[in-house]
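Note that the chains are named A, B, C and D in the order they appear, and that numbering of residues resets to 1 at the start of each chain.
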Amino acid sequence: MIELGANRYGKAAIRVVRVARSPNGDQVRDLTVAIALEGAFEAAHTDGDNSAVIATDTMKNTAYAFAKDHLDGSIEVYGQALAEHFLEAPQVDAATVNVRSHHWSAIAVAGSPAPDAFVRGGEGTRVATVNVSLGGSMVEAGVEDLTVMKTTRSGFSGFPRDRYTTLVETEDRLMATKVTAIWRYGAPGLDYDATFDAIRATLLEVFADHESGSVQESIWIMARSILERHEEIAQIRMALPNLHHWLVDLSPFGLENDREIYTPTTEPHGIIEATVRRGES
Amino acid sequence: MIELGANRYGKAAIRVVRVARSPNGDQVRDLTVAIALEGAFEAAHTDGDNSAVIATDTMKNTAYAFAKDHLDGSIEVYGQALAEHFLEAPQVDAATVNVRSHHWSAIAVAGSPAPDAFVRGGEGTRVATVNVSLGGSMVEAGVEDLTVMKTTRSGFSGFPRDRYTTLVETEDRLMATKVTAIWRYGAPGLDYDATFDAIRATLLEVFADHESGSVQESIWIMARSILERHEEIAQIRMALPNLHHWLVDLSPFGLENDREIYTPTTEPHGIIEATVRRGES
Amino acid sequence: MIELGANRYGKAAIRVVRVARSPNGDQVRDLTVAIALEGAFEAAHTDGDNSAVIATDTMKNTAYAFAKDHLDGSIEVYGQALAEHFLEAPQVDAATVNVRSHHWSAIAVAGSPAPDAFVRGGEGTRVATVNVSLGGSMVEAGVEDLTVMKTTRSGFSGFPRDRYTTLVETEDRLMATKVTAIWRYGAPGLDYDATFDAIRATLLEVFADHESGSVQESIWIMARSILERHEEIAQIRMALPNLHHWLVDLSPFGLENDREIYTPTTEPHGIIEATVRRGES
Amino acid sequence: MIELGANRYGKAAIRVVRVARSPNGDQVRDLTVAIALEGAFEAAHTDGDNSAVIATDTMKNTAYAFAKDHLDGSIEVYGQALAEHFLEAPQVDAATVNVRSHHWSAIAVAGSPAPDAFVRGGEGTRVATVNVSLGGSMVEAGVEDLTVMKTTRSGFSGFPRDRYTTLVETEDRLMATKVTAIWRYGAPGLDYDATFDAIRATLLEVFADHESGSVQESIWIMARSILERHEEIAQIRMALPNLHHWLVDLSPFGLENDREIYTPTTEPHGIIEATVRRGES
């Protein structure tokens, strides 16, 4: 017998910009939204019965419409409103809304921020994912593409050597990575914007401050510090590619290279992932 | 108490090309390999103890060396050899090797394939993932980025309408999608190359032949046919973005548009995912 | 005094798909079109006077409308029709239309091509650029992203050595490149589709067949052969990145590597460009 | 007769990171460099004679070596040193060095910049191109990928209407663009870093401040202001894609949309290019 297993569907890459206009200066929210639903959709697959299938085009329209009425606050609140809306449909068992927020800041004119002109930039992308189901709701938030570098206080030594090992041990390497860090909030109803800013600041500060014996140790130190300092969060998942910066051998050219000239590479790269959480006791 | 949860690490984007040279014509294998390990790596995180941490640079070297001795056959066999090698280390509980194969074909010269010149191309990318652990091994294979289109026999109607629904029902739309299809083999030791070719052919043929009432129904029909015709596989997971092609309104220009001129878009897109498997009875 | 210099404007990334429906099987044209105009547009810049500025949105609409009536033949003919249309406006001195054509082929069902199902693929992208001005018209055509490899009969030696030279001379390297080749037709009114196919075949065949002493020599040999065999074309411009494939040093692992295992890299890459043309005498 | 026309070659995508170490804090320069040479290279094409062909691998090595000794100052000075070095070879008639600089800023720790930890980011990419030839040298500098938005004071009206025109005139649209601005310095030996910062600030400030009747007018106003305020520069070339933000029609949902909810699109996009320069009188 052949049967349908896990399935879900939705709309991705919905682009929404909201301009909140004010005499004191406009505010710009620039989002990429993805919506996914799970539930009683078996008949659509096996019987061609679409009577339960909320069109993904309708999801897109709803994302636009909710941007009008539910985007005064954080992206988490917007995501929650969207997810709860879809959960109201009886065939939906779970709705997941992922929001990526692209950063714009006011352009400085004569030292003051312009009320109506903005430049896109910033370091990393803020993300939030809200999942609501009959069992409750879960809010995750975090950053992606936050690229950082330590020029000292990073090493990698004491690793095992076998027939295929050529890497030289080092107590002083350049470490660069593009951080993905996604944390789960323990309870809803937070000031999500302030909390995000605080956790992001902790992440950067601990990254700058710590001694790294490996990317694994860096993840542990950053994640543990975040959990220690921010009791709102229950766990954090980090994924750190190791963006290798190789010291260039300048000796053929009669030049010394004392940790000065590097060439960065992206292929291949290490990739280290771990979840750190509050334990039972 | 703060504790380490799930974690894994490895090397990604390892690029390997092997040229098997022969008087009758060279053969080119062009691979992107990713290796990930799980196991007793807690001390690396929490104690800065790297004595168990097989360097990701060593993984890269091993992927190169194994390309010399273990790449005469399929990418599944190469992946299995690599994964089993890493599982031999006592600290490793599970090793996963993902291989993507980029297609080159011999250039035609005077109607015959050149022995030593190739052009890259093809439709979709072949992928394989081998996971080995103390509990056994699992081989998955499939295609990614296989972009296909049906110009007729695709519709979408009978879906629910609410305040946010504007989509018009249609019995005749253009359907385009970029197929990801990953199947799991029920037993090892197959002729992986021939099996892959046969399943891929079934997928394309059923895509071409079926009547689609929704992307969901298309997944079900293709996946069921593949399971019916290929008993080697235990389940298949498909993810189909709906790459919308909108009919252009030419009426302002005094022109008719009877399913002729479309504009394709990528943002936003529907995304439909499902697993279909053999059931218990 | 500050003055306006060279300027032009237009619409890029216009996506058009045309399905020519027929009982014998549909035909799909999938294009990305860019239109650029030059002419008397100074007042738009300096005086805010838009009375001459054909809206780029109008260009897009025109590209859609012309796909209905002018896309039965080649992309060159479509581009020419569009360009000539815009040149009719008195303020336009020159119009350039660039068309990129994405390849779809009919899916095989039971050995025959399906009439209404297609798979995207192919090797390289066909492009055409038509420029019309009061001085006449020029048609260029060619391929982009045609990735090819020679596993033998390629070397690079005899180059000068200075303080910064470490590259070893080789008589036998693997050469890979992603060809851009753009040729200019000497006269209009050709069978552009057949001519394109013939030139592309020559390009691949000569690439496969020749002995390469450098990428420069490869360009010369391919371009000269194309000019010799295809008198319709007046000149050809080629740009070949050198997609380095480095032999992996397997000796630390006790393995030989006789031109067998390579690692391809994309950063950095050589880039060689030249135009070859018919001379005066 | 078939002959070689214009040709050039070089190395692109050379990645170099230099860490200038200091007790007061390290400085990071992160560059992507491209080098291209023109000269007496005909024999390499037509005779397989490489005796004049400086290997592109040597160019890469030289870029690394010069990063050690010539990168204390601006990227323009580094590019000039590299270009002049290659011009010393008798077969070289012209050398062009393009440098793109990726921005890193020190991470704040307890309110102070860390001496050895950095985050990548910033708005736009600084670029410089130095061309030296027997006829002299030319230095161009600028920004790429500087994405900006005006939420008011932008319109587009008074354009001509024909059969294919459907765009509605507007006095108040949202304007977004990704600025490429490349200016040419009139004389060498400037403080390139300070000059770059000043011109970039002018560009942003004028963008924020001006009333735009079209993208063409915006280019003229920004370019003219830059030429007026910065006499070091002789001309400036700007290319502004029009990244359309379409007002979403919320009326089907019973909602008003007074310039509040937009959906941005990238395909298709307008593209406006112009050079503005100091005239003869």
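Here is the rule we go by: a contact is a pair of C-beta atoms (placed from the backbone, for glycine too) under 8 Å apart; a residue touches a chain by one contact, two chains touch by 3 or more.
This one's a predicted model, so the numbers in the text were calculated from it and none came from an experiment.
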Remotest chain, chain D as reference, centres from CA atoms | B
Here chain A maps onto chain C under a C-alpha rotation whose angle in degrees, rounded to the nearest 5, is 180
Cα centroid separation between chain A and chain C, in whole Å?
-> 38
Compute the distance, rounded to whole Å, between the mean C-alpha positions of chain B and chain C.
-> 29
Return the distance between the CA-based centres of chain C and chain D, expressed in whole Å.
-> 24
Quick one: which residues in chain D touch 2 or more of the other chains?
-> 15, 61, 65, 164, 166, 252-253, 265-267
Flag every residue of chain A that touches chain D in the complex, lowest number first.
-> 15-21, 26, 28, 30, 61, 64-65, 67-69, 104, 107-110, 114, 116-124, 146-153, 174, 201, 204-205, 207-209, 245, 248, 250, 252-253, 255, 257, 259-265
Spell out the residues on chain C that touch chain A in their complex, using ranges where they run on.
-> 163-164, 166, 252-254, 265-267
Can you name the residues of chain C that touch chain D in the complex?
-> 1-15, 34, 36, 41, 44-46, 48-58, 60-62, 65, 89, 156-160, 162, 164-167, 213-217, 219-220, 224, 227-228, 235, 241-242, 266-281
